[in-house]
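Take a look at this one; I'll ask things after.
For reference, chains read A, B, C and D in written order, and residue numbers begin at 1 within each chain.
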Amino acid sequence: MFGLDKKDTTLLLVVAALTMLAPFLLNPFPTESGMAQFNAGYPDLMQKFVIFGIFAIGFNILFGLTGYLSFGHAAFLGVGSYAAVWIFKLFTYNVFPAILLSVIVAALFSLLIGFVSLRRSGIYFSILTLAFPQMSFALAYSVLSNPKFNLTNGETGLQVYADDPQRFHREGLPDLPHLFGLSMRSTHTMEIGAWSFDFNVGYYLCAIVMLVTFYLSVRIFRSPFGMMLRAVKSNQQRMNYTGLNTRPYTLAAFVISGMYAGLAGGLLAAMDPLAGAERMQWTASGEVVLMTILGGAGTLIGPILGAGFIKYFENIFSKINDNVLHQWFSFMPDGIEDFMVFIVHPFVGKGWHLTLGILFMLVVIFLPGGLVDGGQRIGRWLRSRGQKEDKTTGTTEPAE
Amino acid sequence: MSKTDVTRRGVIKTGAVAGAGLAVPTIFTASSAAAYTNEPTGGEVTLGFNVPQTGPYADEENDELLAQQLAVEHLNGEGDGGCLNTFTSKALKGNGILGKKVTFVTGDTQTKSDAARASAKSMIEKDGAVMINGGSSSGVAIAVQGLCQDAGVIFMAGLTHSNDTTGKDKKANGFRHFFNAYMSAAALAPILEKELGADRRAYHLTADYTWGWSQQESIAAATEAMGWETVNNVLTPLASTDFSSYIAPVLNSGADVLILNHYGGNMVNSLTNAIQFGMMEKVVNNKDFKIVVPLYSELMAAGAGENIKGVFGSMNYNWQLDNEGSKQFVKSFGEKYGKPPSNSAQTCYAQTLLYADACERAGTFNPCGVAEALEGFEFDGLGNGKTLYRADDHQCFKDVLVVKGADNPTNAYDTLEIVEVTPVEQVTYAPDHPMFAGGALGTCNPGA
Amino acid sequence: MGILEVKDVSKRFGGLKALTDVNLSVAENTVHAIIGPNGAGKSTLLNCFVGKLIPDTGSVMFDGESVLGRAPYEINQMGISRVFQTPEIFGDLTVLENMMIPCFAKRDGSFELNALPNMMGQKDIVERAEEVLEDMNMADKRHDHSASMSRGDKRRLEIGMCLSQEPRLLLLDEPTAGMARADTNNTIDLLKEIRDRRNITIAIIEHDMHVVFSLAERITVLAQGTPLVEDTPDNIKGHPKVREAYLGESA
Amino acid sequence: MDSFLLQILNGLDKGSAYALIALGLTLIFGTLGVVNFAHGALFMIGAFCAVTLQRILSLSYTVEDPTQKDFLGNPLKVQTPYVESWFGPNVGGAIIDWAVPLAILLAIPVMVLLGLAMERGLIKHFYKRPHADQILVTFGLAIVLQEIIKYYFGANPIQTPAPDALSGVANLGAVIGMDLVYPIWRIVYFCFAALIIFGVFAFLQFTTFGMVVRAGMADRETVGLLGINIDRRFAIMFGVAAAVAGLAGVMYGPINPPNYHMGMDFLVLSFVVVVVGGMGSLPGAVLAGFILGILESFASTTWATTTIPGINQIIIYLVAIIVLLTRPRGLMGRKGVMED
């Protein structure tokens, strides 16, 4: 179906089902229960899951296929956001032109940076791409927000003011980003017993965009172009002596992944019309690298898992404070309760960076293929256990 | 390990019973039964404390969070009641707010606009917070203030010193208890004139972002008005760690005052570097060289250590302030946590109480009602002396402290000494002052 | 007029003269071997043919066109394929995928943004790749991971990849270096078959005289960066200068 | 002219820190072929060795003094450091005063052990893994180290002052009849850095150990074939590199008070330095460190920032881009290092 083979079609359908049902899946605990802390089904976080999923899917096209490790993609996300907010400021709150422009601007910007950076490979390429977001951030934070020529609004971030022109804004349209009148923020809350589920327009827009981009990425992975990119990663020398010019291939991959980043930036701005300079810091690029690797670089679904994992951590673990901990352990005798809180305390709340760092190291050390690799290993282990049991019961199945 | 019993399991259970079957938070919804965003329906009301738990300002957060927990205790009638005893408004009874027990949730701003908005959103969307309190930079405050305006909850700004927060970025749902760059300058100028003379040549080092510019503009205007000359203003990148190449040119510039429009780590490093270059021992134009840091905080003072001796600056509050509210607050805070409160702690504490009091007086949590109750509200007894929340721009007006690094501190907490309490009249400005122009308060948004 | 004409090529690396006034002509549809002791400049010369090095002086013409200043991929597109000393293949890809890549290069040129069609839907390419694999007797290995094959198989795959492009000139850089005897003989048989069955010119650099004399129709002997003699294998065998160049060095 | 010389000095000073960190990075990269993103964290831990020693030396006993009151009106708790009561206020005070230089003695064993532990416990398993994996695992380690420090020492910077005798300024220009005052400690830092750099080069140049390591850097396989256990030597080199970064950190404290994220502040810069110098080239790293330090200083002058606004923020990266595009292997890089 959709020009994909059976396995990929199944994967696509699974991802589609997961994203469409996310409001249910992410809110498994009743609203008032102690476990509600771990619910992630509120609009903002759901939007972040899929938007950063898009960002990571795009990054994976470059890093997963060609092996070029870029630290520059945050810059494309950032310019995408700025472009979208400028559309909001000057023309209209309609997200369609905003997102379109953010993709175009990111494409141009990544073409420029890619053209320069891809003249080198390996760590030299990484450092070159590291230089660009750092410069972009520094300039956006200060010089480009000077009163005479305020392109970025610096520290606060670019936002829409009441006195902005908004030339195509009409009465009756929402005063917030909308898609042809459908406000990104309208949410329908469904209550079933003690549970509550939020269905947010913005989330579903992002989810549909993500499905489209995911589908495109599957197509790219399975296309001759995708194979060429894998060949670049495998052996550039052989590429060259086979009559293939590697640079346009890598540049195309770089620009495509830059456009994904710009799209993610545009969507971020569409969900929340503010573009902060921190989006361009190299650590923000580092984050997408972490997502991709954590999930499994070069795999189709890995980057989405990685993005979800890190965003969940950032938003859920950072909110666990001592009061919450006391609540968890309140069934224990007081002394033990305090002790447990004392043990757990450094790893949650303000310590979430520590937990993230440790987990990240564990994944890189023990699961080089990321979470997908982990899943496959568990799958294999289960299967091999099954086979062993088969053997003991005497059935003779051909081993693989 | 401190803990409050506010959200112990027992409480949660009753909350669950009370809340079962009733409406749960519906945010940003056009069609909702609630009259306003996150209308509390059970026996509890949730406040959101949005503070930088990670990143360079994490220690500031610690104090802010402690103060907010203390405020919640006092509101719920636990502890010694703190400033509820001295507050001139007697609406608060120590039985929560409007009879509802106060609980709180926390979020991490990471001192980044994006992350701060994300954590504020999670507190509003997921936890049903009716108010967001805290923060430690102007960028974050303005970003979150805009969000709260859109979402329809009240925002109490925390530590934000930029003129823009209640200037061009002011919002009807946002209030600021902290003072601002203009007030710092207005309070400092007369003292600087008295202590350093009216004939000085000033060299500015300014953090190269919005707050830095606004601070520099304010202080340059105020000092030039009394006859000082501004020799140079050099912008330094936020990411600078070593300021030697910015400090060195000061030596030969003919300036006799160095003004460091820096905050946090930037200020600690630039001041340390300036002292290293022997600035404080220099004599230029037959005058002792002086250093001014317009915005001080206790943590910056601690970070700068010995270097702050004799350096002038301004503060929103200092625990040594001698009034009933201040004494009461220092006692409550000190007995619970074993140290005096910082000025950001006091800000967050006062804001929490003020919000609660406004709800009581308005008889509702509806942000429009609360905002109306806060607008033009005059009170005393929270530590800053007599204070007014101006209706025009939601800026609070009160005395500003001019402080100086103490020459002979006796312990870790009196490294700053109060030089002067500049009366509120001197720091008041018209709402349409050019430095605050542009932008409009708009109308309050109850969400829903 | 040969298909590859080398005129007065010289190349220096700092103070070292790697090549001095090399003149060479490779006739079409012959197997031409270039031999010589270590350091004679064989590899340098080969690198000048494929765009990896640019000689300081002289010209290298392929079928009447200069190759100098062109990138390796352009020279390949002109019809020169190269086999490396250690087999250069796409180790992360399967054997079939390895074979498809040169087929794409032949069909689409040096770059084609073929990002949406499914690869397996490229019937012509798959067929062509399968055909060459069949030819190379590797059809049964088509789904193997290429990095895990034996060296001989890798070499066979690499040669197959070059042949799938139907090059007019095939350059072989010590194709049997480091191989076990059996693999060497297999490779010789393969190359003989290629020589006999196709219209192709082969230039081969080789150390192993057994390989050279089993394959070559003409031989150029290179010593200290200059061609010593050029002749048929039979004449080269007993040539005194060649003996001197080889034995004199080893003695 | 004075300000020109001052900026040169500032540049050399900044460059000292860059050069020391880049030197350690290059040692690790050149010997082990590992890209160590935790190197900034090692610098930071060095600085916190000084903080720790200062804390240990200032360990105090408490006496309540009823004549003085604390902020709550309770009797003031007066703290007297043990060293002062043991050695008398003069000697004891001097010991505390000299905490930073003394911390060198603490930092060397701590950093070498930490480096060895890192190499044996973690990095060793990553020799055969791709560079991207090395970058990621060491980046994770950097986060963990920095969060641990933050947990114990807080996020606020901590003053580690120079000894009284070495603080203040010296007039360097007196000799040549000019007025050129410069902080003494910064001069000390520069000399210290020069000493360490010479030490490392001498160690590699003149000891057998160093010669084997250099041979190994040039051609690891051959040296391995000679039957020399190069792995163990390289592990020791990791310890040495960690110590170099740590010492750079210890002595940096009085220049700028240490905080938990100072390592990250230096990390990106030091990578740029290494790449500009040429991956794997020790002299390149040192040279690039000083050059970039000086360029950064000059870019911060009013003249530069008014000519090109914001140049002070981007100069380092701009230089890196230009160098990498015109000299692909950096200023002194060798062929074939890290090109795939």
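In the analysis below, a contact is a pair of C-beta atoms (placed from the backbone, for glycine too) under 8 Å apart; a residue touches a chain by one contact, two chains touch by 3 or more.
All values derive from a computational prediction rather than experimental measurement.
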Subassemblies held together by touching, subunit A left out: B, D | C
{"item": "Graph separation of subunit B and subunit C (steps between touching chains)", "value": "2"}
{"item": "Top chain pair, ranked by how many C-beta pairs fall in contact", "value": "A-B"}
{"item": "Central chain (by mean CA position)", "value": "A"}
{"item": "Geometric centre distance via CA averages, subunit B-subunit A, whole Å", "value": "34"}
{"item": "Centroid spacing, where centroids are CA-atom means, of subunit B and subunit D in whole angstrom", "value": "36"}
{"item": "Centroid spacing, where centroids are CA-atom means, of subunit A and subunit C in whole angstrom", "value": "46"}
{"item": "Averaged-CA centre spacing for the pair subunit D and subunit C, given as whole angstrom", "value": "51"}
{"item": "Residues within subunit D bordering two or more other chains", "value": "313"}
{"item": "Contacts with 2+ other chains: residues of subunit A", "value": "138, 142-143, 353"}
{"item": "For subunit B, residues that touch 2 or more chains besides their own", "value": "58, 208, 235, 237, 239"}
{"item": "Listing of all chain pairs that touch each other, if any do", "value": "A-B, A-C, A-D, B-D"}
{"item": "Subunit D-touching residues of subunit A, taken from the complex the two chains share", "value": "63, 67, 69, 116, 119-124, 126-128, 130-132, 134-135, 138-139, 142-143, 146, 236, 282, 286, 289-290, 293, 297, 346, 351, 353-354, 356-358, 360-361, 364-365, 368"}
{"item": "Subunit A-touching residues of subunit B, taken from the complex the two chains share", "value": "1-4, 6-10, 12, 15-16, 19-20, 23-30, 32, 53-54, 58, 61, 65, 104-108, 112-115, 117-119, 121-123, 125-126, 137-139, 142-143, 146-147, 150, 164, 168-169, 208-211, 213, 235, 237-239, 438-440, 442"}
{"item": "Subunit D residues within the subunit A interface of the complex", "value": "35, 122, 125, 129-133, 135-137, 139-144, 147-148, 151, 268, 271-272, 275, 279, 309-310, 313-314, 317-318, 320-321, 324-325, 328, 338-340"}
{"item": "Residues on subunit A engaged by subunit B in the complex (per definition of touch)", "value": "31-34, 39, 42-45, 48, 138, 141-143, 145, 147, 153-157, 159, 161-163, 176, 183, 185-189, 191, 194, 196, 198, 272, 274, 276, 278-279, 314-315, 318-319, 321-324, 326-327, 330-331, 338, 341-342, 345, 349-350, 352-353"}
{"item": "Residue ranges of subunit B in contact with subunit D within the complex", "value": "55-59, 208, 232, 234-237, 239, 241-242, 244-246, 248-249, 251-252, 265, 268-269, 272-273, 276-278, 281, 299, 302-307, 319-320, 330-331, 334-335, 340, 410-411, 413-414"}
